[in-house]
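In what follows, chain A forms one complex with chain B and a second complex with chain C.
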Partner chain A sequence: MAQEHSNELILRVAGESGEGVITVAESVSRVAARMGLHLATFRTFPAEIKGGPCMMQLRVSERPVFHHGDLADVLMAFNEEGVRKNLDSLREGGVLLYEASIEAPIPRKNGLACYAVPLQQIAVDEVGNPTSKNIVALGVLTQLYGLPKEGIVKLLEKRFGKRAKTILETNLKGLDAGIRYAAEHLGKVAQGRSLRPTGSSPKLTMTGNEAAALGALAAGLQCFFGYPITPSSEIMEYLAKNLPRLGGRFLQTEDEISAISGVCGAAWAGRRAMTATSGPGLSLMSEVLGLLSMTELPAVIVNSQRGGPSTGLPTKTEQSDLLLALYGSHGDTPRIVLAPSTVRETLELVALAFELAEKYQMPAIVLMDQTLSSRLETVDADILASLPKFPSEETPEKPNGEYRRFQLTETGVSPRIFPGTPGGYEYVSTGLEHNERGDPQYDERMHTIMSAKRHKKMASLARDPIAAGRSSIFGVEEAEIGIVAWGSTAGAVEDAVHLAIEQGIPVKAIIPKVLNPLIHSEMKPFLASTKRLIVPEMNFTGQLATLLRSTYRVPTIRLNKVKGVPFRSFEILEKIRQVAALPSRSSRASDASDLESVGLEQQV
Partner chain B sequence: MECDQGAATFECYLGNLDPVWCPGCGDYSVLGAFIEAARRLQIPTHRLALVSGIGCSSRFPFFVNAYGYHGVHGRALPIAQGLKLANPELTVVVPGGDGDGLAIGGGHLPHVARNNVDLTYLLFNNSIYGLTKGQTSPTSPASLTTKTSPYGLAGETINPAVLALAYGATFVARGAAVKRDHLSQLIEQGIQHRGFSFIEILTSCSSFNTKHLNITKVLQRMSYVDSSPEDDLEAMRLAADQRHIQLGVFRNVERPTLEEHAAKAHQLSQKTGVATVETLLQDFA
Partner chain C sequence: MFQVLFNSQIGTSPHSTQLADPVLDPGEYGFVPTTGLTSGHQGCAGCGMVTGTNQILRALKLTGRFVLASIGTGCNEVITTQNTSCWGEVSVDHNNFPNTASTLSGNRAAVEALTAAGLIPPNTVVNVGIAGDGGSYDIGLQALLAWIARNENGVYICLNNEAYMNTGIQSSGATPFGAKTATTPFGKRAQGNPRTPQHLPDLAIAAGAPYVAVGTPVHHRDLMIKAQKAAMIEGPCLVESYSVCPPGWNTETDFFYEVTELALQTGVLILYEAELHREEGYALYTLNHVPDRFLPVEEYLKTQGRFQNLLRSPEMLRKVQRAIDHRWEFWGEVLAHNGKSRQRFSEDQGLPVETRNEEPISWPKNTATN
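So, the complex of A and B:
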């Protein structure tokens, strides 16, 4: 597919963890971003701390891309395992560059151009250091794919320049040696795939986790409490360093319960507070999430999903925390759930989560996943300017007469006063059912009134312009086949929809970003105009499909993947083709089990 | 009433709800001792924040005129820690029972203690679960039979003050509900102490476990620590004394609080230059 787009390249680098695979791929990524190209990456992590297979794929393109691409144009492999495990991810007619000292026979594949490159030999002969082979490889790629050498040099200087002059010199030597080798021996390899700088301005490159942290800082984060957990730890590490620089408070707690409790205390004090975690941590936080709903306090919880249940697949991706995010806690617990699908959106939606949580006085969960957390993507340098200017109400409005913390209002939102405020506003908040003043009162009448009050805020939020218009809708508007997807799956869906349309199959898709409350004004017209609805998700049971069926009473055709790796667009394309080939129906399918019987219900 | 002008009376600190504790409950006396301490210190009610979990004694905030947060079982300390870190201006007091603090919430005490958060923890020790009507608690005596230990209790009895000493709390004391004036002095000292103050309060349940905590017997065994011991081993020995129930201050030392550490972190972080979100973003160019 990629060959149809000019100025686009999908590169995969593979080897043993510790061989510098990520350094090579990240360097290419960052230089491409400085050329004004767009970028999306995907990397795997071995479960081990040292060693284990390691891979990073990157797609750079002149047009915006939000998926790392199905099949690579180029595979650079440092060892035999790197070749063997990744050969299937190389497209027909692609280029395999591999370490020449690999002894095992290289499997041959149709139309593949294979080149043994003596990376290690060059590193020993010309640099005097075998561990520089990754920099030699970077030199080779620089030469072959038209990367500006000075850009790479700048990156290396930034990385080593200050503290290690000799390391820098060694690396520059390795880079030159790689460039020379490629110029002399690999002249025809690139097949005219050289990347060209674009006219657009250089872009920022950051991971989803970094974007989440920056989004929080942009929204005025004041207190962070967290407990380390893969794959979200980088959020807390970034904030540990940078939140104090901006005057905020950071604390690593003894567990996730303490973390969300800290957020609760800080929120009661009137500060903007958050935590970041993954599934096991969110499970532990469930009870305090209910307390936050009950005492109507804002909180932002970023949850980067990984394979579950239990410890599951700690370093692999999944989208199986949706129902936990929506409902995880006893009782009826209104909360906001947002799901970004790109790095840029992560920054925007984390900032939005703060605004919505503050405005509607309830917790907001931002659902990311491992791929999105670790994905390196380009973001426009003016991203902050594009964030909507939310009004920040620092001092709460002081009501007259007797203060009622949980006063019944038109929107369900009551005036909030923070401890420390003088003037006779002292009150007690409680997790017990309470009256407007906040005093415990749990008779049947009060529980009905207050349950309705808390849920009224959800209805108000669903009508709020700042939550509206965030769904991505693309494809052929009148298509009968529609796709609803959420989170990082959106990139593969977008590619699949374009491919299907190219093949003459009309299809459309909607990616809601606000999953609780669902924005009916956006979902209903889409669903009403769709006869066959495909819901691809990285979970086994179809959690979004369940939500859609129960909310809108629509039949769904599920496409589930639980392999710990993201969708490839051809998997979604295949489903679209299958659904398009179904006998036509006079009206919308009335029962999902009709489709189950033709074997489409589930792909494992 | 001139409650916020340095002339606050005992009544100024009374909440608008009447206590719901059983007649004869020791918690009434603790409430009185606390309010008396707050009055002597003239803490403005709007600066006073009480955070509690679940249990009879955790209802405490409702009966005090102050800002209060009555949360979930076992999480009062971490909520209070977040509150104090967010607003160091507040005087934060955490009242709670032995089940709330040492059973379900027992994992938090070591960390809030070692962090040295500047708050006062009033641990009501009545050796029983009162609110759920008489089950064993971590401080119940080994022999106790209750509804959930009909054949006697498994496990050793926890000594709260010894734990707090071991966890590095900077102020550790023990008082008793029946010694109200002494307790009030301890609470006053605890609130004045800069750092984490742990006050174990022996109190009695008038509805359950009444035989065990026969107050006359307890009174006979009580003894006062004159001044807080210089070294930790002596403090431990006094707190763990089996023959006497020692009341008084076991430890009173100073070290930096969590809030002071946070302020220092802010200072250190400025060495690399003043940052804004805009300048942080440039690191990604």
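So, the complex of A and C:
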């Protein structure tokens, strides 16, 4: 990809956690964003809080990018493990810059330009502090790829300037040393790939987790209940800092059951509440999710998925909570499931989740994953203005006559008057099956009526214009091969579709953002016009494929990856090429293709 | 509930009122012929938890029984399961976050069933549950108290490092008042942790645990004797081990011993054990350690970055000091008997309770007008 866009760079920095790997990559990211370039990053975490291998890849480009790129143009490695583990992620003809003091032999690969840079030595000689080697590395990258030095200086000033003048000076010295070294010794390395500033305005950079928290604040979040869990803890930490400042309530509970129960209580009392968690937490919350469906209360649950089951792969990514989000909890439990695929969409969809949950009085789950949670992406500043504003304290219309909290209506949505409103609006909220007034009643007739009422809201929601038009559809409209993907896989699909079209294979893709209820008006025409349907997912069993097959009775060709790392676009491209080469008769033999696709996954 | 009796002697003894024979005394230097947690774990430099686990495992093996551990999710689990060989000959059952005590219960039930079936001889296995403070004070509390209520045989070890460290330092039920964590930040209106921490041994003894103790790996003889007693005494016993966490507490890694000693000297940490005789209706409290000199709490707080904000607020500082002084009042009788005394460091000493200026510091009320 990178070769075709001259103003594009994929950089990977690897080393030991604690060596400043993330500082280097983030600084480059933020400066690139100030140059008006677009950005998408990917980082891995070790499972431990200190130590362990650590890597961050970033892709900066003149055009909007939503995937961190397949193969890096440049690898900056601080240790031997960093080289060994990441060499395969370097494209042919790429540049490997590595710490010169590595004693182990550096594995070689043909077609690579390798340069040993004495980062540590420069740090010791010129700065007097070996831990400054990451800043020296930042200086080297600054010089090689034409990053504006003043931008970096500004970043460092912002970080250290206030309190620690000496640290700032040390860092600036390191930066200069790096720049000098690169200018003197590494003149030819850059291969003319300097980044150029674009005319467009500087962009905001934020991670998926920050976006989720911001989206919630924009939508008028008033109460947050949470329990720490990787990888969603940053949402909680962001809100711990900012929600009380804005007059909201932030509470850390003793477990996830308490967190969702708190949300349930706050929703009943009439405040906008949310919680954020990951798979294990959502499992614990399942019972209360059913209660929320039964008592028809709004709640927003952000679930940043990680590898499962059980403790699984706490710091790795997976998309395996879809069926849990859809069906977790006993009984028939209508709920909303949304899945953003970019940071910008996270902002929008979390805000939308509040709106829909409130309007249709049911829980809304926003499915993110570890990749999206930790991905740093550029977002246009205008988005903040376009988000729905903090809701005015609208007084719900008071019904005439007797107040029936679960009144049967055309849409299934009943009047909801907050407890404490004077005028005879008291009611008892119960998890038991109840009649229109809310009194427990579970005879044959009432359970049928009320189950139908609760599910009627789903049908109304599916027809709602706010939920419609959110799917992104791209590619060749008349193509026979179609791709359905969800969540953060979308970025790789987008790249793969472009590449396939360039190679002459017509293909199209749809990324539904509302996964429950599926918006039939968007899905059906797409599926009807597709003969072969590829469903790439980061899970083992093909959860979206299962959903599509049960809902639309379409045969699917699954492409599953459960490695804890996101898709690369060439993996999807390979599948597209295989499917394009299939004889037409096998296109409907869904089971055989499934088995094949699982086999293929092992080779990828 | 139960009458509180005090052991007039201060110090750690291998004898227990609930055991016929004394447990093995590892001696001042803790030279014992067993191995605990061996190399290969990935604990940070200066981690108190690893040392604590090591000593506890060594002590449990001194009982001559096979050690079967059920460990809850947490720092200890993460750092010891990357290279599981560090557990040596201990078999480990890692379960989920909330259910260390329940799994311990299951393990014990199976051992008892195996014993009843004659497949293993009686009293050859010690079941130990090891969890952190998050898994004990917060999410695992229900399981822990229910386990104690069921009065099952086993040892529960709480490695208390006073926050969720592995997920990135978030506050827990054991986080001290005023400490900075990711979810209890410093700021204009947020002042670190607004809650006063709970004390797990108190909860456990109230629930009916026959033996509870607080130890620290710095006083290894004490900790090892406590772990052995917990293993030998019939019923659900709890030992809490105070664990210094350099990254979470923002301390230098080399001062694990010094920080613990300061905790003892300022009275933040009290090493004690309590034996509950449920049927007789009394509990015997033993104070295990009295420092040579007592210091005001600032000396301890100063060593840790997480208390920076607390040190700037005299009002909050007084509140912390008061809480410590109150806690020590409990031991006044024992100290007096041994001819020792602890000076009160809080300024309002002697004032009747009603006139004390004790405004609870809590999260700001919702002052938004809408």
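Quick note on the criterion: the second predicted complex is superposed on the first by the 578 of 604 C-alpha atoms of A that agree within 3 Å, B and C clash if a C-alpha of one lies under 4 Å from a C-alpha of the other, contacts with A are read in each partner's own complex, and residues count from 1 in each chain.
By definition in this document, a contact is a pair of C-beta atoms (placed from the backbone, for glycine too) under 8 Å apart; a residue touches a chain by one contact, two chains touch by 3 or more.
Predicted model only: the values in this text are computed from it and were never measured.
When the two complexes are overlaid on their common chain A, residue A:E426 makes contact with chain B while staying clear of chain C.
Using the contact criterion defined above for the overlaid structures, shared-chain residue A:R249 touches chain B and also reaches chain C.
For chain A, the partner that touches more of its residues is B, with chain B and chain C as the two candidates. In the overlay built on the shared chain, the residue A:L144 is in contact with neither chain B nor chain C. When the two complexes are overlaid on their common chain A, residue A:V136 makes contact with neither chain B nor chain C.
Shared interface residues of chain A, touching chain B in one complex and chain C in the other, are 222, 241, 244-247, 249-250, 253-255.
Taken together, the chain A residues at the contact with chain B in this complex read 34, 202, 204-206, 210, 214, 217-218, 222-223, 225, 241-242, 244-247, 249-251, 253-255, 257-259, 261-271, 273, 287-288, 290-291, 295, 379, 381, 383-384, 418-432, 439-440. By the touch criterion stated above, chain C contacts chain A in their complex at residues 42, 44, 73, 75, 78-79, 82, 94, 96-98, 134, 137-139, 141, 164-171, 173, 182-185, 187-190, 247, 363-364, 366-368, 370.
The residues of chain B lying in touch with chain A in their complex are 4, 15-17, 44-47, 49-51, 61-62, 65-72, 75, 78-87, 89-90, 107-108, 110-111, 115, 258, 262, 265-266, 268-270, 272, 274-278, 280-281, 284-285. Contact residues on chain A toward chain C in their complex (touch as defined above): 47-52, 222, 226-230, 233-234, 236-237, 240-241, 244-250, 252-256, 280, 284, 310-311, 392-393.
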